[in-house]
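Next come two complexes, and both contain chain A; in the first it sits with chain B, in the second with chain C.
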Partner chain A sequence: MKKEDTVKLISAEGFEFVIDKKAAMVSHTIRNMLTSPGGFAETQLGEVTFPEISTPILEKVCQYFYWSLQYASGMETEFHIEPEITLELMMAANYLHT
Partner chain B sequence: MESGGVGGLVGRCIEAASANKETVEKWRRQRRTLERLPAQLADALLRRLIRRRLLYPSLLEVFQQSVEEIDLKGESYVDAEWMAYLGAFRYLHSLNLADCRAINNSALWLVTGMTSLKELDLSRCSKITDAGLKHVLSIKNLEKLCISETRLTADGVMLLSSLSNLRLLDIGGIPVTDKALSSLQVLTRLEHLDLWGSKISNNGAAVLEMFPRLSFLNLAWTSVTRLPNLPSLTCLNMSRCTIHSISDGNCKATASLSKLFLPGTTIDDVDEAFRNVEVNNMTFLDMSGSSICNFHFLVKMKGLEHLDLSSSTMSDTLIEQVANVGINLRYLNLSNTKLTTQGVCILAGNVMNLESLSLSHTGICDTALTYIGMMPSLRMIDLSATNIKGFAYWGRDDLEKTFSLCMLQNLSRLESLNLEETKVRDEAIHPLGFLRGLNCLYLKSDFLSDVSLHALASLSNLKYLGFRGAVLTNSGLLLYMPPVTLRVLDLRGCWLLTEDIVSSFCRSHPHIEVRHESIQMIHTIENVCAGSSPFHRTIQAPKLKSKEGKLSHAPSGFPEFAFVDERTKYTREELLELQLLPLSSFLPYGPDVLPEVLRKE
Partner chain C sequence: MAMYIRVKRNKTTYFVQCDPTETALDIKQKLQTLIDEPSTNQCLTLVATNDVLDDSKTLAEQKVENDAVVALTLRKDGNEFEEVYIAQPENLKSFS
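Let's turn to the complex of A and B:
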């Protein structure tokens, strides 16, 4: 996979998730960061840091990005959300406009 | 953001969080997170919990730092305990307690000191009196207050004058007097005032001039006949009033009304009533049930989009005045008028933008369909209870028979068509099969049978099909292939259908909501509902009407349970047998002499 096609998402604890750019674009917030003109650091490096989002939540968010792509292409599967993380995940999703 | 958006991770999280009691228990202890929850998320989550009936008073506590809006409308279990928790909400901006019947004065005491509250709805909380209102008065920031149909008196209303920030005040259904209204003069920020059903007279109405920002006013069911000139007014409701003038006085500054609700009003002199009114901006006019015979005032209303003249004196000779202002009309209701086909002819060509047209209970006939076909923007047509037969004879000798419903095929945007209680027969139904865009079709007639239902199977976008009172047989229903989009099939009054056939149809088409007496009957029996049910009155019994009426007078013959529809009790053969029986001969003698088929338990 070429580096241009991937994005690095960094959690509050510093964990790095390298995912497809296409998947990350599911989030309107990330899409705006990566595509906005004016040369944000994020645009150039392909790296986004989320100091507010913990590692397990960011992992779940990444899973959702991929699930969402599958769903859009016709795969009808459930996206399971554990009740314990609903609130945190809700806030992260709200921030990411997902 | 939509609270329960199907897509989107936020919507899925809210869904997952409010799945059941157990899931709620999993997150309710996460206090720090709950406190950080953005208001719009907290509001959406709380709304979902209320809708799922998962909310209870002590659970409210976890939301007190985050929620800004609560809508508990109609939840009759909301009582003082709930209010104790709600009173502690620090950022609550809007609280809707309309129809919460358990709320009384002492429960309302708990809202005192909710300084962040701007909107409070207590409509129809029938236990609230003047004493309860005093607690509300402590919320000085209140901008919207709805207290209609509570047990407030005129004295209580006078106390409202201390809420100087009020922009919206709904005190409908409360006996507000002229004196009470004049004490409210200090509320100069008022934009919306609802005074329906009050005791206001013309003297009191004169005070309305003191509200410089007033844009919405409801005076329905009052004795006000003259309004002062209210230049800021855009929306006025004076239904069931007697009107002499909507804008009194001689000054030139006139009211610029855009919406006027005048159903059931009595107007002696229309020109006088509208004399000072600037009508160029009028977009909405409801004069249904009005007795006026002069529609000249319509001439200047060139911007009119919604016009309701149902049950008025509108006729073929007067319709020209409607046609003159028809260019912007989107909605036109002429039902229950003396209009005939000629009137529709005058309208055609003048109402190019009309989307909804109601002509039910008028004297129009099939020729009118030709003219309706010339109104290209139509989406909804209501032709119920008219003389439409579905065919017409053309040519001098009446030799050429054409199916008049074909005329509707030009209407590419047509979505909803109502032909209930018309004289359309099976042979004339088939042109409807070509109205591909149709979503809703309403039919109710005892001239229709299996053939018609099958002819309608080609309507591939149909979502709602009403096929009521028809001679539909069991085999006819079983052979019917409903379009995949169909959600509701209304078969009420199709008296030949038997219960097992209807329920087997339901089973094979689980996504369709079928309405039929036999289904209702199952529910009725499940609920052990004795005696006659309200369905009984609505059932049309064209074939056996007289006999059914007599049969239902002999309830002692059927001791087990009451039948919703007597006809569904018998099989087809039994019914045919019944038809031949001389009913009058046995009925007066009670159950002992009932023929064998009737004694069947």
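Let's turn to the complex of A and C:
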């Protein structure tokens, strides 16, 4: 696990989630930010701030990234979503193209 | 990827990919490259049970499962470990 292979996602409240780049790339929006040549400052820093995504939602999104990688590798578990966060989570997923 | 755990300290969460057969020391060595603190200055506590993880035992032996939350504490000035502290966002339900 190398620092260069991780990205830091920062929530609206300033909470930080350090995840593998590979996991973050599940999101097309983040993938574009991290891979577009010279475009985003995020590419160099390896930090992406989401002022519109609250901490519990961003954590759930990160858990989803990892679940998605596990599922793709053949581990068929269920991804549990609490009903009370469904709407907010869907809005975040829409924004992140996840 | 077999599993991951969420290592939390203050306002930061590290998602660490790991295997049930890895030891707590293996996890600390992974964290070492991320936080620049040697493994000897790290202490990991399984939040669900409040058990301090033993370096030499595997994650499976210590009931650390996929998606488990583990608190990280660091040694202050080469002496004692700080208290476990995981910050929570103020309003958990921030519906807009």
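Heads up, the rule we're going with is that the second predicted complex is superposed on the first by the 97 of 98 C-alpha atoms of A that agree within 3 Å, B and C clash if a C-alpha of one lies under 4 Å from a C-alpha of the other, contacts with A are read in each partner's own complex, and residues count from 1 in each chain.
Just so we're on the same page, a contact is a pair of C-beta atoms (placed from the backbone, for glycine too) under 8 Å apart; a residue touches a chain by one contact, two chains touch by 3 or more.
Not measured: the values here are computed from a predicted model.
Taken together through their common chain A, the two structures put chain B and chain C side by side without a clash.
The three-chain arrangement built by superposing both structures on chain A places chain B and chain C 130° apart around the Cα centre of chain A, to the nearest 10. By the document's definition of touching, neither partner reaches A:25: not chain B, not chain C. Contacts of A:88 after superposition: both chain B and chain C are touched.
In the superposed model, more residues of chain A are touched by C than by the other of chain B and chain C. Once chain A of one complex is fitted onto chain A of the other, the partner contacts of A:98 are limited to chain B, with no touch recorded for chain C. Using the contact criterion defined above for the overlaid structures, shared-chain residue A:33 touches neither chain B nor chain C, since it reaches no partner.
Annotation: superposed on chain A, chain B and chain C show a minimal Cα-Cα gap of 5 Å. Residue overlap on chain A between the chain B contacts of one complex and the chain C contacts of the other covers 84, 87-88. Within the complex, the chain C residues that touch chain A are 1, 3-4, 6, 11-17, 30, 33-34, 66-67, 87, 89-90, 92-96. Remark: chain A residues 1-3, 6, 11-20, 23, 54-56, 59, 62-63, 66, 69-70, 73, 84, 87-88 touch chain C in the complex. Residues 1, 8-10, 12-14, 16-17, 19, 22-24, 26-27, 30, 33-34, 36-38, 40-41, 45 of chain B touch chain A in their complex.
Residue ranges on chain A touching chain B, taken from their complex, read 61, 64, 68, 79, 81-84, 86-91, 93-94, 96, 98.
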